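Next come two complexes built around subunit A: one with subunit B, the other with subunit C.
Take a look at the complex of A and B:
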């Protein structure tokens, strides 16, 4: 399942990095609903969670600096494969897609449990996992829970909102974490889970060649039994939380957009509209 | 009586405002539905802050005051909170949706094996009938939050696991008045941290600027982002002055050093609700939007017609801010004279 690249340097800091990547409905497209009011995830095109690109970029930079391997892990329906190809094109070495109808409806506790079981499986295959990197949050659920919860299931330290990984040495990783009004510098023993906030990483844009190479990279699909998941702890029934209602958020905005290459006319129209609507700037 | 617990986050100035807001909201819900309100205070030298929590509405404060907690340490804090929860068995546990709350609460929830909802914009108490079993639950915590980048709202419950947990967005509830005639019980806990892995996670440095400017009472805010650059901020200041408003900023502008943190709007800045919010060269990332989306009127100036900020704007001016703002200033000055 796991390929080891012999070209990499054999130093002891070589890192086995797992990146959790969530395939999400394309944030640029409006959500689709089923007649019962729940989200129709299956009919929505899935892309890689935009925030996860920063985590992938951070992982790739570490691999480039220290050697090692970057393995992507996703839990999603089978049609998520295209989204995973995006991460592979960026440079992730290989992917594991955990896909099983019994996982549908999992909340964050159940999802983090399932993902932690995949990490455990990788751990025993590889002998060690040094870092588990996540995005800061997903664009569809925006919870930021999965990172700290996966860490809890694995019994590992975690740091959320990591702006930058400053240093990896002697079995420790030093990170800069965003907080209100500034930052913290934290030293954590590896293995550790980090959620990457992104502001210091610019995700690379794959070339056509990268895209083609990515087609040959391996995506292994596993089901719940393959990673010894206790199915009573996942899915709708294994999840402590229940969504009782969903509704479209009321956005009561006027949405008047002015585009005019003639700047005077643009301002005229805008100010006239404000007057019409009775809005006073002063 | 069923208990509502509120995590009392401590910052240099004392109890963090978002925690006081939650004490206030918990008190309202408790009075209406028959719960008690307890605060959970963790840190070193924090015992002296317990009274403040009582004055704001807690009837009980659980204090874990220990030298190993002098710097925020996620693992020690989780340990302390979980031990108190296992003994006290609260029904509901609320955390502020600050950067601290949003990493601490899910760890506590996972260790307790319970559910949690992130970044709620409202919390209520209500009943629930399980559609599968037909079982009726009374007085559950309704955890209400936007999802899908803010386009959808969801109401969530945790019927069978305790505590029912949520983080709640700062600024949605107001800080309750301080009533020094209130009294309550303070319970101190001694927790043995010797089993914990001491060097596992260590805060080496904290840099936190204190906020000196309060944007919350401003009627007009003109905010600049990465697109404004230092030169743009000159224009933004000028426009703000002309309109009698304050200057705001995105985190990108603050991180670039163009303006101080005092002016930052958003998840890790201030939550503002002016009559008019003018976003200049700001893309509209969710972390910025949560801090300003309740402004009465939103005006956006951005050269990218696809910028997400236009989706929440009342008026959007597509174009170069360096052309638009000087013109706008010119026109407003003319109108004035």
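Take a look at the complex of A and C:
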């Protein structure tokens, strides 16, 4: 649980948290591709990026511990709206969908620019934004660019692969971050951008009532002009990188199940199979 | 100049129409009116539509997630420990699964029987052993009936708790001397001022332990909608329903051992001068038999669905097995003898599944005043009869594909078979279902 030091944080400030959420093709369904090699998102069922669910959960836990508001932000075509309702059902207070045909084909740099403009808009509306959270990466493109790039556009510090938010006090946030083979604790000044790794935050399952209520909540849809986006920096033309081709990996591995009532014979059979496949054993 | 993306516009419009009913477009000085297809169908004709709404899809997704994460991994434990872990029941309560059909006014969700069926389907997919199906479907059916016919004080007192998942509602009609012939019961309720004094014994009742032990599964324990005679001389017109809290000190309980769905208890209870307030009477005196028949229709429709889904889930598990298990040099799924059984059984189960939803649809239509009581009873009886018989046959074949492994305690196909078998008799035997269907087809004069 998050701790708050009220001496250093006398106002026990309520946090304004923005969570970036991406609708992605349902990872449980096989991917479909357009002739140009990009994912055919329109014909696939969209769900909330599983990694972003951890960020939503982290934001909700922070709000429950310290008070404040959690606003979801997404950039997607209008039909993605259903995939975003799950965030509302989980407990996000408001949701903003940035949707504009001029944004289609944006790469991570263009997308992060557009998202940062929504955050700026919220910043001026709310007076402040304390934290911007998002999943470490998306399940459909796995770049892990968006969080750090949004931080760059906003001129904010960022910490990636946050395992746990440990403490919020005196305008700082202390986080435990995953590193190769261990952890690192970092104290960072707010506002800041954090990308959340899933290990410590199990996303809550919304109640049936929450699902029904979320369906009746309005999702605010904004276009590029509403958030003063320079359209030369977005879309396919504004993107410095291009996806040339995507395809589903062919899975050639096949599991083999060994069964035998005699354990020794079972292991012998297993080792024999390994040798047959060219594995060198002692 | 940005090139208009017509494909994007077209597909976005189609998707938008899935969300809203009407779209007005201003195009080159002309207004275009786009109407949602469903709206056109609803206005102009009677739909036969197997699609579910977005809200239903989302509710299903939530229950599926719960079922996959919390139920499926622990099903074997239900049988071994002969109990459902209380934390699963508490999580179901938190999710709102005990208030699905109870009106919003009493803290329920006020959803229709079809949506309740979609929820049940996900529970059964996680637990084809069906203990949780019993927990859910008995409470949902009889909770609905108790709310519909109970007094306002009763709704405020008991139904509100039931909807929150603080109290479980069961059903008690069967006695040691009376099952299919309900008029043979001997439990008597005698009125004394504003109270009733009840004496008798109920047998083979689900949820006796869970209702008795306050605080373990449900905060307030539970009780059973119980059929009694208030005037035996009037036959079935002298029967009355009461809600009897099993936490009552003058009730004694005894547990029996079922061969399947062992997670939810099963037993009998004896009422010895049990005094309950008049407000716990469900419906008027003399209406008990009719209310029981209505409640059975709800429970039987959910049971039909449970049997079809449990069998389909078990067959899916069996499919994985027959693809791996080899005999005579090839996977047994390659033998046409197995393939033909699989295809035949699956087709029949699809029909049973669809008929179960027709039964739930009939209940919904009845609630909306569009079809009558007897028509509902006929459809529901056909659905239960067909689902139970079909599921038993399909599971029997699947157990045979698995050979000796099919006959072991933890085999999911065997667990589903044992559960489905219970519906040979539970909530109305298959022969009673046949009598109902025949009665409705031939006329009452041909029965008896």
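Assume the second predicted complex is superposed on the first by the 236 of 282 C-alpha atoms of A that agree within 3 Å, B and C clash if a C-alpha of one lies under 4 Å from a C-alpha of the other, contacts with A are read in each partner's own complex, and residues count from 1 in each chain.
Definition applied: a residue touches a chain if its C-beta (ideal position, glycine included) is under 8 Å from a C-beta of that chain, and two chains touch if they have at least 3 such contacts.
This is a predicted model, so every value here is computed, not measured.
In the superposed model, A:49 lies in contact with neither subunit B nor subunit C. By the document's definition of touching, neither partner reaches A:16: not subunit B, not subunit C. Of the two partner chains placed by the overlay, neither subunit B nor subunit C lies in contact with A:106. When the two structures are aligned on the shared chain, A:257 is found in touch with subunit B and with subunit C. In the superposition on chain A, contact of A:185 is made with subunit B only, not with subunit C. Of the two partner chains, subunit B is the only one touched by A:145; subunit C is not.
In the overlay built on the shared chain, the residue A:245 is in contact with subunit B alone; subunit C does not reach it. Of the two partner chains placed by the overlay, neither subunit B nor subunit C lies in contact with A:74.
Counting the residues of subunit A that each partner touches, subunit B and subunit C differ, and the larger count belongs to B. Comparing the two complexes, residues 257 of subunit A contact subunit B in one case and subunit C in the other. Subunit B meets subunit A in the complex at residues 11, 72, 74-75, 78, 98-100, 102-104, 106-107, 109-111, 113-119, 128, 130, 142-143, 146-161, 197, 199-211, 220, 242-244, 251-252, 255, 261, 264, 268-269, 276, 286, 297-298, 305, 310-319, 323-324, 327-328, 331-332, 336. Note for the complex: subunit A touches subunit B at residues 25, 27, 30-31, 39, 107-109, 112, 139-145, 147-149, 151-153, 157-161, 174, 177-189, 199, 239-249, 251, 253-260, 263-264, 266-267, 270-271, 273-274, 279, 281-282. Across the interface of their complex, subunit A is touched by residues 2, 5, 8-9, 11-12, 15-16, 18-19, 54-55, 58-59, 62-63, 65-66, 69, 94-97, 100, 109, 119, 324 of subunit C. Every residue of subunit A that touches subunit C in the complex is listed here, in rising order: 42, 77-79, 81-82, 85-86, 89, 101-102, 104, 205-209, 211-212, 214-215, 257.
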